[in-house]
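Input: one structure, supplied below.
Note that the chains are named A, B, C, D, E, F, G, H, I, J, K and L in the order they appear, and that numbering of residues resets to 1 at the start of each chain.
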Amino acid sequence: MASVARVTTITVRSEKGFDDAVASGVARASETLRNVTGAWVKEQKVEVSDGRVSGWSVTLEVTFVLDD
Amino acid sequence: MASVARVTTITVRSEKGFDDAVASGVARASETLRNVTGAWVKEQKVEVSDGRVSGWSVTLEVTFVLDD
Amino acid sequence: MASVARVTTITVRSEKGFDDAVASGVARASETLRNVTGAWVKEQKVEVSDGRVSGWSVTLEVTFVLDD
Amino acid sequence: MASVARVTTITVRSEKGFDDAVASGVARASETLRNVTGAWVKEQKVEVSDGRVSGWSVTLEVTFVLDD
Amino acid sequence: MASVARVTTITVRSEKGFDDAVASGVARASETLRNVTGAWVKEQKVEVSDGRVSGWSVTLEVTFVLDD
Amino acid sequence: MASVARVTTITVRSEKGFDDAVASGVARASETLRNVTGAWVKEQKVEVSDGRVSGWSVTLEVTFVLDD
Amino acid sequence: MASVARVTTITVRSEKGFDDAVASGVARASETLRNVTGAWVKEQKVEVSDGRVSGWSVTLEVTFVLDD
Amino acid sequence: MASVARVTTITVRSEKGFDDAVASGVARASETLRNVTGAWVKEQKVEVSDGRVSGWSVTLEVTFVLDD
Amino acid sequence: MASVARVTTITVRSEKGFDDAVASGVARASETLRNVTGAWVKEQKVEVSDGRVSGWSVTLEVTFVLDD
Amino acid sequence: MASVARVTTITVRSEKGFDDAVASGVARASETLRNVTGAWVKEQKVEVSDGRVSGWSVTLEVTFVLDD
Amino acid sequence: MASVARVTTITVRSEKGFDDAVASGVARASETLRNVTGAWVKEQKVEVSDGRVSGWSVTLEVTFVLDD
Amino acid sequence: MASVARVTTITVRSEKGFDDAVASGVARASETLRNVTGAWVKEQKVEVSDGRVSGWSVTLEVTFVLDD
């Protein structure tokens, strides 16, 4: 039998760093989606204020397996 | 705290022009999705009948912020 | 009036071949989504065990028309 | 039976705007090609003179159906 | 001496499958073009009706050698 | 003798539309740069508020010829 | 502990079809490489003779796990 | 009035070098096409025999202006 | 009124890690450019000496708002 | 005299994070390859279990200089 | 300490050939920019007059190190 | 029977020019690899010292046929 997964794209902003942004995005996606199995980091950006990085954001392609 | 937005892709066809296609797509997306904040125009196509443009369609990547 | 379609991405794995993976993905998507009109094959991969192909998977961008 | 369409690339320059460039390109292509059914806008450029836009040009991939 | 080939793009739709679409496109191109030597499969799409694949289409870049 | 042009990237936001964004960007670039000859529209985005487009922004690659 | 896989690119030509080309490439790669786990189909081409497809070739990115 | 140019793709092989391949392709295209104005070098490949380069080939996108 | 931002590309090398490279690049850009608002991480590379990472470098596209 | 380097692609999975994945991949590649001089991070992915990141993997293009 | 380089894009046209275009662009860039260390050839185009190449132009991404 | 070729990536630096870099890379690859049949020029870069080009480097994807 065939198995099917969906891929959805999210953008996550953290005030701590890229690693936290990825972890937060995965956690948030798992609240609404069942069976999240992975995510691909597609983009990494930073926000800048007064010459310092004040925000880190990542675009993730999140994969989750569909129930049969 | 981290904030999260989702990105969804739609294709919109208008009989008036590209600007109307973008506006219609944004309006339609906002009916079902809360907190739409922006859209990226990824593709622009036209349909042709009898040597004239009879339809304009755009592919949009629509961003909307997820509620906490 | 403008008409709007959505595009969603799925990954489908079949134990029979690429054609079956595409057909299964389309069938599975049509169970939950109304008015699926087409799909674009974006990626094709195989799994290998003991020097033989043991699984075929495709990534599909599925288009479905939104009801008004 | 299989149906076949060809895709040809044209670049069109208008002195009025992007919309006129697309319409002109479609009209010009339809003079020599039968059964033009659509076009994809691949690139949009402007020419500039004295700080103002003096020309709009688009690159189109024009599709036309081949007669059997 | 230099030898020259041209590349032209076609889109072919079959009601049987991707393999038939490729074969039909190659056959159709060879009717009008001499010395077709190969084709590159650039895109693969399916049409869907009632949850089943009802059409297979491929975009081919067809190469043919120009006579001197 | 060789002639040399530079390419610089700008992002312009207009509250009127894409055409105005392009024209404004070209005008603004021409204030500081001499001999602007053209611009390539690389990206088109919209901002959305309350289900309506409230801002149009374009990313332009602006070309200007260097004096000898 | 970290696990490491290598990715190598091969091009395979079959006289039977794309499926056979993939299977042959996987089999051939497994003769010299241990622990081949999968392959990604990157390109699909056909050779043409007398208006018919006479060869199918695929470019594969083959993954194999490195022993510790 | 709008002006229109077409873009066509050719592949040229020379036994002398890349520069000769480009020049030959431009010359050959100008035999059949009127008003060739330029060409973009998209790909550069070499053929190898006995550890030496025996052929140079380029893929060109040739632009020519259409008569009104 | 339209607002305009410029995008400039820098490459930054750090001996501490990717995060430090991003922060250093943002700080360095802010010394010479006013109103830096963000940066996009386009590439990430490492230098290697004696089997260990000895340098981390990132390519950033830095955005800064132009004064009116 | 000309100098030559090879580029090879590896995928590395770590249970600690992206930085560890890069470092591990570089270390592992240096065991079998002499003169590794750098690596380019091409892709970053995470595995997810129970809503948390359980694995970090990177795809690296590793460069090593060939001995004469 | 971190070191920073900037990347700027130029287009250079020569009446002699591609090699001259690259050399001229590098020389011209070095007149205004200090510490130019390299350049990446991104595009190669030719102009055509009367069936012969009459101009060669290249697009270069020029790198120069910023003073501390 | 299926035939199989491998593709490997090398970067070659010459102090004479791009043509020499390609020729040197092909020659060097043929020392260790049997049956090299061709190479694709993927990237072209120059090194700059004191406003002059001091090195030319190319990235090649080299194809060689595997023995049965």
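FYI, a contact is a pair of C-beta atoms (placed from the backbone, for glycine too) under 8 Å apart; a residue touches a chain by one contact, two chains touch by 3 or more.
On a predicted model such as this, the values are computed, not experimentally measured, just so you know.
Undergrad: Which chains, if any, touch subunit I and subunit J both?
TA: A
Undergrad: With a step meaning a move to a chain it touches, how many steps does the shortest path from subunit H to subunit L take?
TA: 1
Undergrad: Comparing residue numbers, which of D-H, I-J or J-L shares more than half of the contact pairs of C-E?
TA: Of the listed options, the interface copy of C-E is I-J.
Undergrad: Using CA atom averages as chain centres, what separation in Å is found between subunit E and subunit I?
TA: That gives a centre separation of 45 Å.
Undergrad: So how far apart, in whole Å, are subunit D and subunit K when each is placed at the average of its C-alpha atoms?
TA: Roughly 31 Å, centre to centre.
Undergrad: Averaging over Cα atoms per chain, report the distance between subunit B and subunit F in Å.
TA: Centre separation, subunit B to subunit F: 22 Å.
Undergrad: In subunit B, which residues are in touch with two or more of the other chains?
TA: Those would be 8.
Undergrad: How are the chains arranged in terms of who touches whom: line, ring, star, complete or other?
TA: If you draw each chain as a dot and join those that touch, the picture is no line, ring, star or complete graph.
Undergrad: What are all the chain pairs that meet the touch criterion?
TA: Every touching chain pair, ordered by label, is A-B, A-C, A-I, A-J, B-C, B-D, B-F, C-E, C-G, D-E, D-F, D-H, E-G, E-H, F-I, F-K, G-J, G-L, H-K, H-L, I-J, I-K, J-L, K-L.
Undergrad: Please output the residues of subunit D touching subunit E within their complex, sorted ascending.
TA: 1-8, 61, 63, 66
Undergrad: What residues of subunit K sit close enough to touch subunit F in their complex?
TA: Subunit K reaches subunit F through residues 8-15, 20-21, 24-25, 28-29, 59.
Undergrad: Using the touch rule from the top, collect the residues of subunit K that touch subunit L in their complex.
TA: Result: residues 19, 22-23, 26-27, 30-31, 36-41 of subunit K touch subunit L.
Undergrad: Along subunit C, where are the residues that touch subunit G in the complex?
TA: Where subunit C meets subunit G, its residues are 17-18, 43-48, 50-53.
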